[in-house]
Structures are given as structure tokens and as C-alpha cells.
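Chains here go by letter, A, B, C, D and E, matching the order in which they are written, and residues are numbered from 1 within each.
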């Protein structure tokens, strides 16, 4: 499968071509080049997937393939960064997800970004992102992953800040980069710690159990926690940053300042699940550190609830979707967190997580692209500017509804199946997490339908010009993704991707499923009652929970806390004092030495009084002084 | 007896030297200072005679007393009015001067007094002129033709320099 | 010759430092020069006395004094020439007028 | 005299050419041709070096040539290069090449400007090819003094003050250095065969421990001043801020590297025992440098100050990594030198070009330049990304090598300082993005700026040269890392045998 | 009488012949024929300098009164070269109407002081040494006062002569103590009979004070600034390099040859003097505005560096000292050459007057700058090498701390040298000094100095040659 290398190289080539020569091309050429390239890549990755999954299993699992591999940079005898392509079930699955969504987004952008300034630049960045993301998922070692991890970070930065004249976009991009960078610091330290003890970066070695982190760090603790846990927790910190886990999630809602297709691609479907992917990739090690898995579960659960609550009261449709994304990724994290073993019953969560990753990518991309179409036609992100759009935008309406149903967990849409597996896995672990997640699932259904009704039903807002259906380039991706959403649930996912690699037949646990369906339906009904027709019930309800509403609306003031910490503490209390110290203490010391010399020079000038006799006196006294000293010494 | 006379003369000369030296540096009338200097120089010549270095005493009188002091007197007459008294010396200046002089005298005196001189053997009478002449005109060790020539160049240079500065052009 | 050598030396030291005192305190340039003569003369006594008492077999101190006297004369001559020149320029020979250049 | 001396000879010929040049055109021609020749030579030397190594020559230094200079004092002119020197020569040649084009329109007194610049080059190149303490020191000082006039005459702002401060502080460093070098020389052999040849001193390994105890700090601090080690870095912000473009480029890009180079080539290589005993002090200082510079850069308002503090941080990392002794970290240090040299030269070139148009360096007075001068802005972003360690550009390679190397020490002291140093990657991101955000993005602050033009050909050439070099190291670091690692392992092994 | 003794004095006699020829020329030459006086003087001195390059003699004459050696010969060559440069440089100034009448005296007296210095460094007896010293300083008094109607000139002459007399009487006192303690004035005998007694030490201190006056060591330096400022620039140049260099060489010879057994005494003394000299000289120089005064303090601190060679007291120290003096002569004379050209043309000697000099007088500015860099010890100029070597010599003998202090002082000295460079190259002024058309002699002299500054360091043969003779010191 050597041609899988092309999947990586082609987008890189496209990036260079579009980045360097783009401004000389017409929009059309650039767009066609980018989109065409993506189609090729998509086709190739489907081919890879097909070939990979049709190959015979070895001892019951799909073998891990490394079709391409070079040493890139050698640090020590045993530590070296390699660049290569690693194909195993999850990376192949991710290849498919990424190329599919990316391809759709490329196509969609052709319409969405039509006539925008910097159209070529946009496609160049998209190519860069695709390249980086693909590189990330096929990484053969953790350092390669870190490299592409940083690259997706920067492409995300560039794309969020695409409208660089908009201050909000600029600060959002900055925020996104710095927050994830901070998380990456943890990731890096985690890598260093991990590699210091295991003496390798290689996934193959790390996950195959050739070296055991637990064994090499046995007995070593720091602050009462074992070094192995520290390492894995730090690595998870990187994942948490990328995947917007509480409390590092704050960048993601702001990231919605980027063009909507970008949000669909990066901030919904692909990059944000990198954290989940990372945990999944290193799962054989995580299994050996249960306390870290517990931490992941807790963080995921808290994030899921938090994001869902906040999503209920947001008015900007992209923000609702952003919080929904956070919440859904948290679901995946929880699913991984509740996984306790590599095989057997306890390994269900892993599969569920990957499955949800897959389905979520599709329907969330669909939601974002739909939202994009809406924004494209009403030129606003605010719900208040929408309402009753179902008449004007039928395709969008239908596809959006499908996505909403999918995310709410209504069968037979894909979300139902994957979410159900997660709930089942959670219940497997403990009823507490099961109930918690079921509740959050209910909230999800509620806010999604609140969104849906507010956009397509409800009171019709005043439009300056009549909203219209999006062009073909935009609706085709919508329809494609909707179709996928409809059928994806029936993919025998457990057959392809499981923790241990062994085939696993998904069978719905109907008790769990029926409970979740009931909760979801109840939530939908509530939303319908509240939002389908314009009325004052929502306002009254908000009034009745005034404080909760305000706090939720302001995202529990977490941004303000961050602002306080960064500006008031880091800038005011650290940076400025240091800069002051540098100028007024360190530098002043140097200047003081010069000033002292000058003043000494001024003080001793009277020695040179110009008077002959004073000179003679000094002369004589000098000689006498030396003589005196000598006499005293000898 | 001769010893006593020697001693008396020595103390007389010493008294003249000490007193006149001090007077020479404190007298406010410049011409008197020059006169005191003359006395000091004479007394010094006396020392030389007493030490049986008659030639040196003669040189002292002719060059110093006869030459230099006369030069001084001419210069004084040229540059100051008769009977003019110089201004009083400020007390700080005097204090510095005294301090420097006393300190110097103390240190030098102390060193000289505590030094263990080893007189090799008693001196024997006068140095005869022939020895002197040979020493001055010889080129061996302890003979001084070269310094003699060198000093002549120095004197020539000083003459040229002195004339250049002092003449009116 | 029973007079202890140190007597001479003490006298010369007194003379020398009297000269120093004069050099440092007098205001008239000629008076300063007179003080200098005292200093030079004091040194001559030292040489002579050392020669006579300590190392009489050679005449080194003797000749040093002889040449020192000659040099002193030359020094005096050139110093007086300078003083005369100053007098010609500013009509006095006070040392206080010679402190234009300082610091 | 072997062909390495050409590195000194070509600049000399250039000076001759400049003296004869009659007009601006000829001056430029001389400068451009000379710097291109120098670049070519550096590349050729690199190739020859690699060939020789490939042919199995494993001597510490290659192409050694030794000429007696001052026989009575045992002073020789000795040249030779190892992998690090070859890399530094190439770096210098690249930066110089870019610098010449960046100062294409220097005004006033172009001839004098280039003359001084080239004198600086003689110092830099001479330093890197020398393996004799005396010649090393001589070239080191040659490189320092032209700075005074270059900043004083062609600089901006408070230039005389900055120039004086820079010169005096660096001279202070070299004062420490001189005594250190003489001390090393007089202890260089136990049998009386004193030598100034670094290789021979190392071979003799005769410097007594008590002498190392004071000679090591002298030489390390002496070079450390030029390497902007806290608290001796304060010449750097003012100096860089006032210097003209090409001088900032050369100074931050190449000259500061002399400091780091000297630290390991002289201080650590010759006095390995003291290095093991004393480096903890300097580790603390350089660890402080790294974060301190970065934090300071966060609140600066002048573009050049930001970069200068960033240089303090990055150069601090160089020394920090050197003091970790192991081959990986030391290799990382040299990579960081190369990387910082290139990207900071790029930064200063761009800042100079922007300043030349807007006549301000205050980031509060600028904004939205991306729209007005896209080429420069994109280059600036690339430089920024290189600085904050984006994979694919040189900064990443260097930093990661440093961190991985530093992390090989498992005691708490080294761990703590490694982690402190690692945090700089976040702080760097903060200040780089802050500048990029304020300067390039957002709305145009000053309406007059709308009429400004983008880069012209020589500016583009200058920037592109550097970007290509940054990207080349960033994308294919293997060979250069191997090249450096081979040379650094000699030094690190010498030190490691004492612990 | 064995007149062959005089054959040893080849150098002195040829110089004396030059002086006599000039004397006769001055006395008997007509007004018209004296136009060539300067040229003749320079040529004759050049010829005499060339004669110095004859194979050097080594030995004693006049029963040890006079001694010569290749090292001494080398010092003489260096001094001669410096004097020649000064004379060439003075050509323009001495042609000025108010001093041209004293032209003959100028050359004769200058050469006589040179002769005095010859005697100083090749004497083998304190008597001859003292005569040489006086011959080297008394005519200088007349030379300083040569512009005798200028207040500065006679003020400085008065200061010089009185301090000179004071110091020589103190030195005589010291010599008398030494005589009293040792019993002879012949160098070789002193060295043989030396015993450390307080009397000897006090005598030694007074002797060093007297030499300190000539070299201008702090605290015996106070006359220096005033005299340098007041004297005509050419004389200042002569004082600052030749007189100082000769004295330093003589001090080294005497301390090392005569007082080597009591080195434990004079080395610490010298140690302290060096520190104080360099530091105080530098501190004073920092604030100076008048360039000649500035150079005076600079020369004081340079004297401190020169003494490093003395304190080292080794063959390397000797060679480094001679080399240092040679380089110092070239550097300082270049500076004074420029100062005097500008002073002759405009009468300006203030640093502020030099603002923007590069605009109008680029060549002079560059010469000045190179010379200042050389003085500051910046490579690749000769000053760097000479400083390095002298530090080398001192460190070789273990004077680490001393060298360290000296090195820290080089920072201050660099500061004030750069002040001048700053004035010329960086500062701008409305009233610039106009373009100065200097005369050929000055130009030649400055060019020679600059060539020396650039070349001396890079050509190792000069140092090697000096080093080769200094072992036989």
C-alpha cells in the first residue's frame, strides 16, 4: 500500500503550489485544484481502507502495516523521530473520515467562499490542514504525532484568523493557538517523560507491550502519584487541549470566528477529535494507569454536562454547535475513560468512542455546513435573525433535521447507534456515569431542537432580502453527508475497530436504548412545546431560572477568569514587573556602574588643582606613603 | 683639643645651616631669603672643609655661593621691588607644608638613624689634587671622563635653552 | 674626626625638608627655587658624608657631589630663565598666577 | 595558509574593492559578489567536509593548517574546522548574503557602511575557523568593534548610548576572556610545552582543577556576555533596537553565536572538570534567561525590543542546552544557534524593511499590514512561526533536540529547569502572536500606511534566502544534526567522563 | 688614555655629530639657506637612525660607566624612530612666524634630550644615569616654553621645571640613600652587594618616584596634564612618547638589572602604582574636553600598561615593553599628528570642535580613529598585539589580579577613546571644521604612523626581532 504516501504528499504539494503561486491564479483554478486534489486523496484513502479491511486477519486482528518509514531526526542512541505511515484500523478509519469531510468541505467552500478575498489562500490553508491532519493520524510514533499536532494547530490558527481584518477573528485565532499550545506543553512533557522511561517514541513498541511504562517507572512517584500516571496525564493534557475538554475548552467557541466550512472541518469533525484519537492510540498504555482513565472520565463527564448546559442558552447558532461539539467529544472521552480492558466486555467503550467519533464527524459536519448555508443566506449568526427558514431553504432544512435527529440519538440515524454504545459502556462501568450521560443526551436533544426550531420554525425575522437556497456546490455536500448520517449507523463498526482488534458484534442493549430514546423524545417534545411557535414561554422559563440562565449564557464566566489570569496576573503581575526589573534593575546596574565611574571621575578632579605646589605635595606624600608602608612591612 | 674645636665648629656650622635654612624658607623678604641661602651654602662648604674635601668646599663656594646666589640676586633685583614683603601664607598651605616636611623628615630621619652603617676604616686626611685630576680625566673604573663630557653637553643644552627663553626675541 | 656621621646626616635631612617646606609654601617662584637649592645642597652633604665616613677608599660620593653642583647650576639657570620670561609676560612671579590649566 | 583562510581573504579583497569603488553601483556590486563568493565558499567547504568525513576521516578537526606567527610567544595562526564550525560558517555566509541585500539602499556613506560590515565579517569568519586561542580572541575582538560605528552612525533612536553600552559591555566580556585565555595557556601543559592550540590543550588535559575553578567562569561569562546571558544581556535590547537592519541581522544572527560557540569550544571543551562542577550556577542563570527574556518580550512595544528579548530567551536556551553536557542537548544547542541565527536575521531584516516604510517600530501605531505589504507580512508570519517552534521550520528541530537532551537527566534540579525552559514555548507563542496580531492583522491604524509598497527584489531575495534556509533545516534536519552531533560528542564525552 | 672606549659609544657620538652639524648650520647659515633646516635635520636624524641598524655591540666601557647591548640598541632605534616622526611632524608648526626664529634651538635641544636618553639607558652608573636624566629633561623645559609669549606655554614650562627639579632632588636623596646603603653607584657592583635594608628601600622608593615623574605614574603625574595641554603639540607628542618610553625602558633596565635581588620589595610597590596609575589616568581622561589634556591622561594610563612589562621583569616583559613603546609611539604620534594639523589650521583642540570632522576631513578622521583604536587595543591594529603581549608577560609571572584590573580599565579607556570617535563620526555640528589642507610633512608622518599601526601587529618579525635581542638584556 505504498501509494498511501501520496495521500500525504499530495495535499502538501497542493499547499505549496497554492501558497506560493496561488495569488497568481484565478479563484476558479485555485479552487478546482484544491478540490480536485482532495477528490483524488479521498479516492485513494477509500482504496486504502478497502484494501486494508479486506485483507486477511492475522490471529484474529488486522495487522498493523507500516508502508513507509524513514528516520528524520536522531536524538540519542534510542530516541529518534521517524516519519512514516502507520495503518491500523483506527488510522484507516480516520483517513476515511478526514478525507470525506475535507472533500465535502472543499466542495462546499467553492460556493460558500465564492468571491472572498484570499480565496486561494483559503484553499492553501485547507490543504495544509488536510496534510497535517492526515499526517497526525498515520503517525508511526508519538513525536511524529506531536509534529503534525503542532501543524494542525497552526493551520487551525491560520484558518480561524482567515478574516484577519476582523479583530474578533484575530483574537480568537490567537486564543485558540495559545490555549492549545499550553496544552501541548503538557503533551510535550508527557512525551519526554514517557520516552525517557520507555526509551522509544514508537507506537508499535509502546502499544505492543514490548516495553511497559509501568514496569520501567515502577516505584517512581512524584507528589504521591506514580510517574507513569504523570506521563499519561500530561499526554492527555495535550489531547484535552486539542479536544477542548474542560477547562481548556475556551478556545473552541471563539474559534467559530473562522469561516463556517472551516468550523465544520476542523472544529467539529476532525482536529478536535485528535485528542480522542490520541487517547485511543495510546490506549494500551492508558489501560495500565486506571487513575488517569478515571480522571479522563471525570473531565469528560463534567465537560459534557457543562457544554450541554451552556449550549441550551446560546443564541449564536455556531456557538450552540460549538458547545454541542464539546459535549459530544466529551462523550467520546468518557467512553474511553470507562473502558477498563483491551478485550472483552470492558473494552466496549473504546469501540463506542471510535464509532461515535466516526458518526459525529459526519453529522456534525453536516450541521455546520447547514448552519453555514443558513448564515450564507441571512448574513448573520444570531438566531434572532432567523426563523421560519424552512420555506426558503428546503434542502438545508431536511438535512439539518436529519443531523439533529442523529445527534439526539433517534433511530435509525447514525448517532443513535454510537451514542447507545457509549451509554451502554458507561452503564457497564457504573450506573452513575450511565445516568449522567443519559441526562446529558437528553439535554443534547433539547438544545438541538431548540436550535432547529429557532432557525426553521418560529417567528419569521425581518430579512433585507429574501433568503434563498444555497447553490449546488453547497447542497450536494449536505445531501451526501445526510445520506451518510442515515446509513452509517448500520455499519458493523465493531467488526473493524475495537480495542483489542478482535471482531466484535454490536448488539443493542435495548433497555439502555429505550431509556435513551425516551429521554431524547421527551426533550424533543419539550423543545417543540417551547420553541415551535413563537411564544413567551422560553422567556418565562429563563426568568424562573434567572441566575442559572445568566451564568450559562456567560459560559459560567470562565472566559473572564482566563482573561483575569492572563491579563491581570500574567501580564500585569509577571511580564510587566519583569520588564520593569530588566530596565530599572539589571540595566540600571550597568548604567550605575558607568555613572559611578563618571562621578568618581568628577570627584577626584580637585586632585588636579592646577597648583604647582599642590602637585609637589602630592608627589612627596605619595612617595612617603609608599616608603612608610614599606617600612611598616619590613 | 682638636676634637673639641672640631665639635664646636661642627655645631656652629650645623646651627647656621639649620637656622638659616629655616629662615631662608620662611623669610618674607626674598632678598633676605637669598642671603640666608648664601649662609647655608657657606656653612655647607665649611662641612666639606671639615671633612677634608677641600676641593669640594672650594667648588661649593665658587659655583654655589659665587655663581648661583649671584644669579639669584640679579633675578630678584630684576623681578621684585626692594623691601617688598610677600603675602602671608595661608594656614592650610602652611599646615600641608609642615605636615609633608615633618613626615618626610621623620621617615628619612628614622630610616637613617636606625640604619646600621658599617664604617669600613677611618678616613685619612686630604685627597690630593693629582688623584682628583686623574679620576676626573680617566676612563677606567672610578674615573669620570664620561660624566664630565656628558655634563658639558648638559650645560651646553641649558645654555642654549636658557638663552632661547630669556632673550627678548 | 670624632663627630658621629649621623649628625651630619640629620643636619642635611633638616635642610632638605626645610627646603621641601619652602617649596610647598612659598609664593614667589624665586623663593621656591631657593628652597630647591636647599634641597639639592642637602643631598650633596649626604653624598659627601657617606663617602667620607663609609666608603672612603673611592671618591664616588665626592664626584657625585661635584657633578651635582654643576647640574644644580644648570638647573637654576634654566629655571631662572623661565622665571624671567614669566615676569616679562605677566609682570610678577607669583606661583598663584600659574593655575590657569587645571582639572 | 590553506583554503580556510579564504574566509578571511575574501572579505579583505572586498575591502580593497570597496576602497576602489567609485559609485554606489560598484559598491553594491563588490558587496554582492563578495558575499555570494563567501556563501559559495561556505557551501563548498561544507561539501568538502562531508566528503572527507564520508571518506572515513574521523579526526576531530579537518583541514588543519598551522603557521607560526609569533614564535617567541608560541602564538600560531591555526585553522581547522569540525562539523559545528562548518555549519556556523554556512550560517554566517547565509546571513551575510541576506544582510548585504537587506542594506542595498543604505544611506548615508554606503562605502563606509560596507567596509565596517566586512570588517565584522572578517572577525566572524576568522573566529569560526580558528582553533588557536590567540587568533580566536583576536577575531572575536575584531568582530566587536565595528559594531560601535555601525550602530552609532547608521543606527536610529538613542543610538550613541546603545552603541556605547553594547561596545563596553562586550569589551567587558572580552576582558574576562583575555585573562581566561592567558590563564588557560599558562596551564596548558604539565611538561612545559605550553600551547595555544585548542586541540593540543585538550589532548594535554593538564589544566589543574583549582585553575579551572576560576578560569572556567571567566571564559564562560566572557563568552556568555556575547551570548546574552542573564544578567549580562542588557546591551542586547538597546543595541538591537538602535542598530541598522543589516547590523541587527548580523549581530543577532551571527555575532551572538560567537558567544555560544566560544562557551563550548573554549570553556567547556578545555575545562571539562570545572564544567561539571560549576555548570549548575550557569544553568540557573541561563534557565532564568530563557523565561525572563520571553516574559519581557511579552510587554514590549517596540518591534526590535521584542525581538531582542526573544533573542535573549533563545540564546539563553543555547547556553542552557550546552550546560546539559550530553551530546543530544549540545547538538540541540548548536541547532538552536543555527535556527535562531537564521530566523532572527529574518526578523530583523523584515523589521528593518517595515520600519523603512512606516518609520515607526511601535506596534501600537501599526496594524493591518498584511493587506498593505503581503509579502513582508507573510514572511514575518513565517519567521514568527519558526520562532515559536513550528515543525517544518528550524526552531522546532532545535528546541526539541534541546528538550529531549535535557530530559535525559533525571535528577530533580535538571528536571525542574528543563521544565522551566520548556514553558518558554508557550510564552514565545504569546508574544509572537501578539505582535503578529497587532502588526499584521486587524485594521490599518495609520491611513498614510495605505500608500506604502511591498518589498522590492533585493528585499525579497534577502528574505527568501533566509526562509529557504530556515525551512531547509526544519524539513531535513537529519544530516545537519548528525554532522553537529558527531562533533559535539567529542566535547560531551570529555565532560561526561568526569561525572 | 684609551680612547677606544669612545668607540663603544658609536650611537651617542653620531648623534652628537648630528647635533653639532645642526648647531653650526644654525649659527653660520644664512637666513636664506636655513630654509632647508628642517629637511636637513630630519635627513641627518634619519641617517643616524639608519646607522643604529649596524650590528649591535654588547659590552662595557669606561670601567662599567657605560654599557651597551642589543636590547639597549633596540630601544635606541625605537626612540630614534619616534623622534624622527616628531621632527617630521613638527615641520609645519616650526615654520610658523612666531616660532620660526627658534627653529634651530628646537632641533638641537630635541636631539640633545635624545642624547640624554641614550645616556640614561646605556649608563652603568647612577651618576651618568642622573646626568642623562637631567639632559633628557632640562632642555625640554626650554622646549615647552618655546612659544614663550603664550601663557599656556610658560605656565606649563614653569610647572614642568619646578616639578622636575623637585623630583630630581628627591631622586638624588634616594640615590644618596642607596649609596649610603650599598656603597657604590656602579650598577654591577650594586647588584652584587645588594642587601635589603630599610634605607635601601626608602632610597629605592625615592628613586622610583623620580622615575615616576618622567613616566608620569600616579601620584607623580600631576604635572602631566597641565604641561601636555600647555606645551606646543609637537613637544607634547615628544613628551608623551619618547620621554616616557625612554624612562620606562630605563626603569625596567635598572629595576631588573640592579635591583633584581629586592624584587619582592619593588614588585608590590609597582603593583600598587600600576593599579592606581591606570585607574586614575582613566578616570581623569573620561571628563576631558581638551584633546591634548585628554591625551595626557590617556598617556598616564598607558604608562600603567607599560609598567606591566616592567613588573613582569622577564625577557618577555622586556620585549613586550619595547614593543609596546614602539606601537605606542606610532599610535600616539598619529593622534598628535592629527591634532597638530587641525590646531595649526584652525587653532581648535577641543573635542566638541571635532564634531562631524569626518564630513570635512575624512582622511584625518580615519587616521585618528585607527590610532585611537590602536591605543584602546582593538585588533587588528598594533595596539591590540602590544597590549596582549604585555598582559601575556605579566600573566606569565603570575600577576593575574593585576592584569585583570588592567583589563577592566581597558573598558573605561575604550569608552573615552570612543568619545572622540563619536565626536568625529557620529555627532553633527553646524560649525564644522572646514576641510584642512595639511602640509606634506604632516601627511607623510601621519601616513607613516597609520601604516605602522596597521602593519606592526600583523608582521611578527618586528616583535621577533625585539624578542631576539631582549634575552641579552
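The rule is simple: a contact is a pair of C-beta atoms (placed from the backbone, for glycine too) under 8 Å apart; a residue touches a chain by one contact, two chains touch by 3 or more.
Note that the coordinates shown come from a computational prediction; the quantities given were computed from them, not determined experimentally.
Here the chain-to-chain distance from chain B to chain D, counted in touching steps, is 2. Any chain that touches chain B and also touches chain E is listed here: A, C.
Centrality by C-alpha centroid: the chain sitting nearest the overall protein C-alpha mean is D.
For chain B, the chain whose average C-alpha position is most distant is A.
By number of C-beta pairs in contact, chains B-C lead all other pairings.
Look at where the CA atoms of chain A average out and do the same for chain E: the two points lie 77 Å apart. Chain C and chain D have centres, each the mean of its CA atoms, that are 65 Å apart. Rounded to whole angstrom, the centroid-to-centroid distance between chain D and chain E, based on C-alpha atoms, equals 42 Å. Rounded to whole angstrom, the centroid-to-centroid distance between chain A and chain C, based on C-alpha atoms, equals 97 Å. Listed for chain E are residues 127, 131, 134, 138, 141-142, 145, 148, 157-159, 162, 166, 170, 173, 177, 180, 198, 202, 225-226, 287, 415, each touching two or more other chains.
Across the assembly, chain B contributes 93, 96-97, 100, 104, 107-108, 111-112, 117, 142, 144, 147, 151, 154, 158, 161-162, 165 as residues in contact with two or more other chains. Across the assembly, chain A contributes residues 594, 605, 608, 610, 612-613, 616-617, 620-621, 627, 631 that each touch 2 or more other chains.
A complete list of chain pairs in contact reads A-B, A-C, A-D, A-E, B-C, B-E, C-E, D-E. Contacts from chain D toward chain E in the complex involve residues 69-73, 75, 134, 137-139, 141-142, 145, 148-149, 152-153, 159-160, 163-164, 167-168, 171-172, 175-176, 178-179, 182-183, 186. Residues 613, 617, 620-621, 624, 627-628, 631 of chain A touch chain B in their complex.
Considering their complex, residues 16, 19, 23, 29, 32-33, 36, 39-40, 42-43, 46-47, 50-51, 54-55, 58, 60-61, 63-64, 67-68, 71, 74-75, 78-79, 81-83, 85-86, 89-90, 95, 98, 100-103 of chain C touch chain E. Across the complex, chain A meets chain C through its residues 605-606, 608-613, 616-617, 620.
Put simply, chain B touches chain A in their complex at residues 93, 96-97, 100, 103-104, 107, 110-111.
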